[in-house]
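Here the chain labels run A, B and C in written order, and each chain numbers its own residues starting at 1.
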Amino acid sequence: MTSQMLRVAEVEVLTPLVKRFRFEHPEGKTLPLFSGGAHVVVEMEDGETLRRNAYSLISDPQDGSGYEIAVRREDRGRGGSRFMHTKVSEGDPLRVNAPVNLFALDLRARKHVLIAGGIGITPFLAQLRQLTRLQLPFELHYAARSRAEAAGLKLLPQAPMIQVHLSEEGNRLDPGAILAHQPLGTHVYTCGPEGLIVGVEDAAQRLNWPKDVFHSEAFLSPPPGKPFTVTLTRSGLTLTVAPNQSLLEALEAAKVEIPWSCRGGACGRCETEVRSCKGRIAHHDHWLEDAEKSAQTKIMPCVSRFEGEELLLDR
Amino acid sequence: MPCTEFSPSIFTRPVYADLVSRGAAPAIMLADGDGAEALIDLVARDASVMEQAHVMFIPLATNHGARLKALGAPSYHESPSFAACLERFQKALADARMGTSLYLAGTEGLIGQAMALAVAAGLAPGAIQAEHRGSIARRMQCVHCKGVTEAVTTDPFVCSHCGLTLFVRDHFSRRLGAFQGVCVDAETPGIVPPTQEIQP
Amino acid sequence: MTMQFNDETFRDDYTYRNSPEAIRRFPFPFDQDSYMYSVNLEPHAGGREGTPFNKRFDVDEHYVSEMRDRAITLADDPLRCQSLPHMELAGWDFLELVMDSKAEDYPDLFSLTKDGDRWHWVNRPLGIEQRFTFLDPTTLPCGPLEYITRQTQGDHALLDQREGNLWMDAGMVTSQADWSLDFDVGMNFFEWHAPVPKAHEMGIFQRALKFLLALPLSKPSRRLNWTLTVNPRLDTSPENYHKWGPEKRTVTPENVGAKQHLRVELQTLWRLPRSNAIAFPIRGYLASMEDLTTLPKWGRRLHRVLRDLPDELADYKGFTVNRPMIVDYLSKFDDGVPTSAGIYPDETGL
């Protein structure tokens, strides 16, 4: 992985639950530019544990002076966002990996419709700067429960093609109304809670939109769960995965070589063969096909867990 | 006559299947020759597909027109050739909004040309279906002069534009809607292998 | 040291020549005495001083003449450079990559000054000076991809990444090994590789695609590919096959050493930042059998590789008809002595 040590240059409280972080090179060097929708993996040394969490970049892709992310504190998560909120302050060094984009704009589109829910606004903040710079037609819809919770309000410019939908103020987002009558060549992108993504997908299907113009990024972080044991056939190790640890993190802690990129079940890099499975794999990824999931012959260690007697992996 | 089954030897050759109804959504339907029967079969499976359909048909010396018209599309038009139909087809694409499906049926030449135009107009490949019926003749682009020769049934064949003798390369461009023709006697001018009928 | 540029032709009278220095630095593609397809990708992160692997975009003694040959080809057939409308941003990404790299790697030949988006580019070997606004195509004489690839040796393809595949949606292709950009533009990774024999069954393309989709920023990769060409001709396009095809039959036992060339492609792969596309420069190098056999290790090895190559591959690379003559010629340089590992000749300081 290509990573570098950056310095936390700014921390801003956007809402009680969301903070914005800005990273800069300690010697002021320019960072690689990126494309809208890209994410970085931030490494956090939390005591004994090395956490790596992926966050969408929200800053201007054309601006190499720094990278910015927005982190929502998830108190029921494994601890990464809590670490960012409580232990990271201005001036701290943090290791940040090079940007990777798994949610890029399809530049063939005649028009881009972006639909965000809650913290799912993050990838679109960079995309709308890219679209504006390239002078491409777009509209952005941002849904949040209330004004107080809507971190995006502080980050979005005022513009006629940007609409905010606050359900508390009786202005709920209606995917069907947004997608009706769009011109030929429109692509739709959605990011946010599962319910929103399903809602947009259903509306697109109902309106007979083809699958290839629908793009989504579920905001997936590895869910915590019960501890389980896994045996690695190549390295000959048996490991226990702790409740607040992902299988991938357990492998890394044991110094097992394994490629990764998104750490959110989307990119496929850490796909691992299952040699034997006596029990049930809890697949949480968006990568494996349904048939592969039910066959229990592959697992995505970044997000998936296991319950049962024995799990043998080809690692 | 069902959808033509081609041998699976060619990687870039488009795979055609039976048309599948996307229901009573806006639709542009374009067929030539026996392709009309593919549309008739489609309606037999789901009559609602015609509710908002704009049907364009090029008979190619078949007499399917009356049956096709009787399917009751709000707009039905016959053209004597693809060239004659072109402006109308492009206007239909220009007027279309998201949610419009394109159904193509008939010869590979019609399917290839119409698909290329539709994609250029902004229609997503996922909104386009094609079913092959009728002649297995190929639409060939001469790699040398770039001219397209329609309805090629032999290999090698003579380019109708530049006159070079071309062999049929199993390489298909969806953008051009054509196979590639390459000079067969480039290294040994005048020495041409025996002509064969193209197999499906 | 200032580079000397040859005044030479790649067509008609074929005055192309390699200096002894150019032969020594030739990217010989065989690291053992036999050849089979493989993905063989490695990081493009420099290499031995003086070799073509050392700089990001190698500039050599053939630069000026190669660019002149490209201009002739383009004047005859402008379709050799195409960019589908959505690839313009990738074109700008690539222009920046090349200008940045050349200005840093060859400061005596190229310079680039940036004042925000107002850029000033100087290409001394070609006598070009250009002030333009980055991302504003109206300030360049042509599109960004065409502009920069008229000044960069090798063919270049820009690959759009979407739907878990790569799409060849732009390129500058005037010195190709028998493929047509005009025909292939818009195709995905499997479609444009369709005519390559064997590799599909071997799963080569699935593995290569998986690697490329995950290609990181700032970490380019490279590989070598090769074919044989009669005469030092750059434009071996299918478009002009009926014009250069007859030359393939002019090889005789007397002239095979001078006429038959090994053509090596140094292919590099770069993730482009703003567009998330991949740039795929295919840089060609030509050396005659006479050139190569001046280095005994290469003479021995080339003989063994070409003698033992599967027929299918010789067919695909288009030299079946001349193969016996080539192998017979090379056999005179193969005394059966074992060869050392790796691609570099034994005799040079490289």
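Remarks
Keep this in mind: a contact is a pair of C-beta atoms (placed from the backbone, for glycine too) under 8 Å apart; a residue touches a chain by one contact, two chains touch by 3 or more.
In this text the structure is predicted, and so the values were computed from the model without any measurement.
Under the stated contact rule, the graph of chain-to-chain touches is complete, every pair of chains being in contact. More contacting C-beta pairs link the chains of B-C than the other of the two pairs B-C and A-B. Chain C has the Cα centre that lies closest to the mean of all protein Cα atoms in view. Centroid to centroid, with C-alpha atoms defining each point, chain A and chain C lie 38 Å apart. For the pair chain B and chain C, the distance between mean C-alpha positions equals 37 Å. Centre-to-centre separation of chain A and chain B, using mean CA positions: 42 Å. In chain A, 212 are the positions where the chain touches two or more neighbouring chains simultaneously. Across the complex, chain A meets chain B through its residues 110, 179, 181-186, 207-213. Residues 79, 180, 182-187, 190-191, 193-195, 200, 238-242, 245-246, 248-249, 321 of chain C touch chain B in their complex. Within the complex formed with chain C, the residues of chain A that make contact are 1-2, 32-35, 38, 61-62, 98-101, 104, 106-108, 130, 133-134, 212, 259, 261, 267-269. Those residues of chain B that touch chain C in the complex are listed here as 10-12, 141, 143-144, 146, 164, 169-171, 173-176, 180, 182-183, 186-189. Against chain A, the residues of chain C that register as touching in their complex are 84-87, 89, 135, 160-163, 210, 214, 216-219, 273-276.
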